[in-house]
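There are structures below to look over.
Two complexes follow with subunit A in common, the first pairing it with subunit B and the second with subunit C.
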Partner chain A sequence: MLDILVSGLLLSGTYALVAMGLNLQYGVARIMNLANGEVLVLGALAAFWLYTTSQVSPLLTVVLVAPVSFAGNWLIYRYLLKPLVRRSKSQGALEVDSILATFGMSFIIIGVMVSIEGGFFAYKYLSEPISIIGSTTSLNRLVAFGVAVLIGGGLYLWLNHTRAGVAVRAVSVSTEASGLVGINVPRVSALAFALGGAITAVGGALISTFITLDASIGVVFTMKALIIVIMGGVGEIRGAIVAAAILGLVETAVATLIDPGLTLAAAYLIFVLILLFRPQGLFGRRAL
Partner chain B sequence: MKPSGWLELLIAAALVVLAAFVPMFANGYWLSIAVTGMMYIALSTSWALFSGPTHYISLATGAFFGVGGYMVGTMMSDYQLSFWVPLIVAPLVAAALALLIGIATLRLSGVYFVIFTLGLAEMIRNLISWIQNNFLGSRGLYVLTDFRDHHLYWMLLGVAGVIYLLGWIVNRSRIGFALRIIGNDETVARHVGINTATAKVIMFTTTGFFAALVGAIIAPRWSYIEPNQVFSPQLSFLVVIMALLGGAGRLWGPLVGVIPFTIIWEWVGVQFPNQSTLFLGLAFLLIVYVLPNGVVGRIEQLRDRIGEGRS
Partner chain C sequence: MIRRKMLGLAAAAVTASGLVFGAAAQAQDVIKLGAIAPKTGPLAGGAVVTQWPNVELWAKQVNARGGLDVGGKKMMIEVIEYDDKTNPGEHIKLAQRLAEQDKVDFVVAPYGTGFNIATAPIYGRYGYPMIAVSAITDKMDELTQRYPNLFFTLGTTTAFVEGVKEILVEQRDAGAIGNEVAMVNVADAFGIELADRARDIFGEAGFELVYDKSYPLGTPDLSPVMKGAKDSGAKAFVAWSYPPDSFGLAEQAIIEDLDVAVYYSAVATSFPAFGAAYGNKINNVLGAGGTNVDDPKVAEYRKAHEELTGKVADYWASANTYAALQILEQAIEGAGTLDRDTVTQYIKDNSFDTVMGSLSFENNVSHTFWSVGQWQDGVFRGVKGSNVDGAVPVRLKDGWAE
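Up next is the complex of A and B:
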């Protein structure tokens, strides 16, 4: 029981981080990015590849992967998604276009990753056991949790206590009103999308230290991140943290008590309950 | 009723009759491609019945298709029933599943629906593998019938014809009109008194029914059924691409997309077996950036432009 609590909460740290990334992309840039999971796996692939070929510590990879993913996602937004934002007549049309375009990107990323590494991204990093309040877990989970909390906390402070952060939050509330008060909405949207992508890739590098991934697993993480964002309420950071904790705990409980193959089914069960009883999210103020 | 409507139906009927002769001329390799093509024609035409007018991208095709294939496998192999029993039961089960999914997600905005259907095939596959491993024992499921490729082809052609006829009737009915208004502006639809959720749920249930029917018909082709094989998420994406490539705005639009894409997809699978995912991604980008209304939409746009130039 205690084991479930500890490893579930440790897992939810990275989940919360990844959901924050998606939240920035969907809540601020208004792009439903279904290639999110593939960006995550790309981060994991970078960590795996650098570690196995040149023994680069995944923690160092995190530092390398963030600016690369930031630049990559900025380019994607600037050259592939912004034309869609401009041509769309309504939010609904933009959603359909961005969903299809990001599907395309996700398949292209998968195709590229398969040609780099077709098998599992298996490597051992900091996998020695460690004991926390009477429960044994592995050190890499604890480290990943610590780094996720550090980055997530930094992001939270940035959003709440800096000028740029407030601008990002303003755009998430209303694009039109932010434009009126002199915020450069396209710039902030691009920034939020790129930042979200960077955070997602970092999350992937962290997850790869304790979960073995492969090139085609991305969609599962996209689903999980989306479920967390919807459960927490779009644009709600505290909601996302609570939702990630719930998902992490439920998944770990299902995996240890019933079967590891049923974690996705457990996530779906949560999803259905949220849709039926609280579609605006646990902390959300308005429906999508 | 406009005469063009009857003409369209007449052309469709003539095409069905012509298509029925294909197995006489094609055999072996080409007949097997024809079966695949006919399967996608049925799937993507029925997909477009719901997703065409409403613009709700459904990725549940693979899940319903899998329900059809898997039920044929388990009912014939575990319960020694005749092929015809699952052929009737599976579509009803899938329709019930679609009804539940529709009730849970279609009252809300379209994003929830897309997300929900995105992982659906994978989730059902996990669930069935778990049930099979823990309660049924991991036996193989065999589907042994006397059907050859041309039998499957004719059955699929029949289903495709029925779907087309249904689509033709729906387009001229109150529900088809309601769906088009929903697709243009859902708020307007609600304000003019359309029960938007009911209209969407009915049509989504219909597509679930047909996807499972196609999955059940095609099952004898494999003779050995595994959850991993029938619940393929890729199928859902292929159906979306083919329908949108042709143009989901017209009933015959998906047909225009399926035929070339099936042949190209077959060719890619042979020539570049490892790059097929990459190719799938490029096809999506092509649709979004070059052919947002499909080939049919592009042709109509050109025709309008020529028409304007003349007048």
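Up next is the complex of A and C:
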């Protein structure tokens, strides 16, 4: 029982790292970023590459990756996505355009990564056993969980207790109304997109310490992130965290008590149930 | 306007060079070899270790020798590569392109069991001899009867399970393990087929599967699986696993300090990256494949592989993949023609001197292969195989310390 709680919560941390970035990008900047998983794997590749070539600790890589990814995502938003935002007549049109654009982008990123390392990003960092209230787990998962808590908590405080955070939330509610009250919507959107990208890449660097990734695995993470974001409610950081927790705990419980083969089925079952009974997501607002 | 003109010129130049090239190909100074395998998608991680470097290595070596001697005429190898994105539909489209547009003379068989079976009809239709390597199945006889151009070289599902069973029986007789075995498998065609065979074969040998579970491909957290295996108390652990999970299971076994005397995980255990990632902790871990690094031929091959491709060969199918190309090479030179039917017949009728030793086909199937290997002090050595020399004794797993 304790095993389920500990393993489940740690897995939730991983899922939260995967989904928080997409939540900002989709919820605030209104970009359905299908290259989210590839950005995550890019973070993982950076950690793997720096560790295997020059023994740079992945934790240091995290610190390096965050600003680089922030800048990179800012540029992507500014030059690739903003033209789409400007010309789209409705939210639906922007979604279709951004899906196509970021889908194409995902292939470019995969191509770049394959040219750097086509095989597995296999390395080992902090895979030391550690006992938490009687349950054995690994240190690298615990570290990732800790960082997920820090990022999640930080984001929550920032969104709810700072002026910039309020602006971000306002944009996520309504771009038109935010513009009317004097919020620089394009700027806030770019900020949210870049921040989302930075969080995703940091997540990737941390996840690579305990999951062996390769250049093509991004889509798996994009799908997981999408499920969590939609379950939690688009643009709701609390929602993403709670949805990640539910998914992590349920998957671990099913794997331990019933059969590991049913984890995916269980995850999708919850997803379907939430869509059936609360289509706007756990914390989502009903569309006006 | 000027820019458009430049583009036009460039396009003309490209077309012209294409024409020149086409003319050269018609004169047949080169042998065109088509190779389609994943460079992206789920199987890419394995293909870039086992498949692609060997195509590159072989072509480089043959061309450095001045090409192949085809009926007294020296011909260079030109490789045409495509990425099938780990998508069988894509592969079939590209195979058609290789045959119709690129008009390649020969092909490298695809990577992965499913891909070899899925593409056998199309390659068969064009009459390409297809020497499959990364394909393990029990349906070889049926398939080679239906597709007479298809050859298999890496062994059957049953042979792989038998190899593991032999080790389990030996260790039970030696008193290192009991009758209890913990077994897990990845829930895809490969893992399911092996686990099904293993249930029968282990059962017949009197073993009891005290933990027998599957998990979906790409499971992010294998700790519940490993905790379950550990709680079962079995002294033998067998995983019919694929690349990302073979790493994940080893990681969890280290974390949980899985107390077993026999630890086996299937595909990717033989990858140099596996040894590099876990170092001495995975000493005495068993896995699918194996090789005999002390064989001078193998040693020479591995050295050339590293020098010419910059990558270390894996300790399993790398050598078989290279051997398949050597068979094609010797068959083309032996037949003295690029006629595909003649070359196919030559492959059926002759034996070949390869890095894997002397290989020949019995009903299109070669029975020379390694089935189980073991990491022993930084090298993955073959411990069980069929018609191969140099198997070393199995060692017991003794903890997961550095």
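Definition applied: the second predicted complex is superposed on the first by the 270 of 288 C-alpha atoms of A that agree within 3 Å, B and C clash if a C-alpha of one lies under 4 Å from a C-alpha of the other, contacts with A are read in each partner's own complex, and residues count from 1 in each chain.
The rule is simple: contacts are C-beta pairs under 8 Å (C-beta built on N, C-alpha and C of every residue); 3 or more make two chains touch, one makes a residue touch a chain.
Note that the coordinates shown come from a computational prediction; the quantities given were computed from them, not determined experimentally.
Determine, for the superposed arrangement built on subunit A, whether subunit B and subunit C clash or fit.
Because the two structures are overlaid on the shared chain, the partners are seen to clash.
Examine A:Pro67 and indicate which partner it touches, taking first as subunit B and second as subunit C; both and neither are also allowed.
Neither partner.
Taking the superposition as given, does A:Ile110 touch the first partner, subunit B, the second, subunit C, both, or neither?
Both partners, subunit B and subunit C.
Does subunit B (first) or subunit C (second) touch A:Gly153, or do both, or does neither?
Neither: A:Gly153 stays clear of subunit B and subunit C.
With both complexes superposed on chain A, which partner does A:Val220 reach: first (subunit B), second (subunit C), both or neither?
So A:Val220 meets both subunit B and subunit C here.
Quick one: is A:Phe120 in contact with subunit B, with subunit C, with both, or with neither? Answer first, second, both or neither.
Touch partner of A:Phe120: subunit C, not subunit B.
Go through the superposed model and pick first if A:Val96 touches only subunit B, second if only subunit C, both, or neither.
Touch status of A:Val96: first partner only.
Looking at the overlay, does A:Asp259 come into contact with subunit B only (first), subunit C only (second), both, or neither?
Touch partners of A:Asp259: subunit B and subunit C.
Overlap of the subunit B and subunit C footprints on subunit A, residue-wise?
110-111, 114, 118, 220, 259, 261, 264
Contact residues on subunit A for subunit C in the complex?
Listed in rising order, the residues are 3-4, 7, 10-11, 14, 110-111, 114, 118-120, 122-124, 127-129, 136-138, 210-217, 220, 251-252, 255-256, 259-261, 263-264.
Quick one: which bits of subunit C touch subunit A in the complex? Just the residue numbers, please.
Those residues of subunit C that touch subunit A are 39-42, 44-45, 48-49, 52, 86, 184, 187, 213-216, 218-225, 227-228, 243-244, 247-248, 251, 254-257, 268, 271, 273-274, 276-279.
In their shared complex, at which residues does subunit A touch subunit B?
That would be residues 32, 34, 80, 83-84, 90, 92-93, 95-97, 99-101, 103-112, 114-115, 118, 219-220, 222-223, 226-227, 230, 259, 261-262, 264-265, 268, 271-272, 275-276, 279, 287-288 of subunit A.
In the complex formed with subunit A, which residues of subunit B make contact?
Where subunit B meets subunit A, its residues are 55, 57, 104-105, 108-112, 114-116, 118-120, 122-123, 126-127, 129-130, 134, 185-186, 233, 237, 240, 244, 274-285, 287-289, 292.
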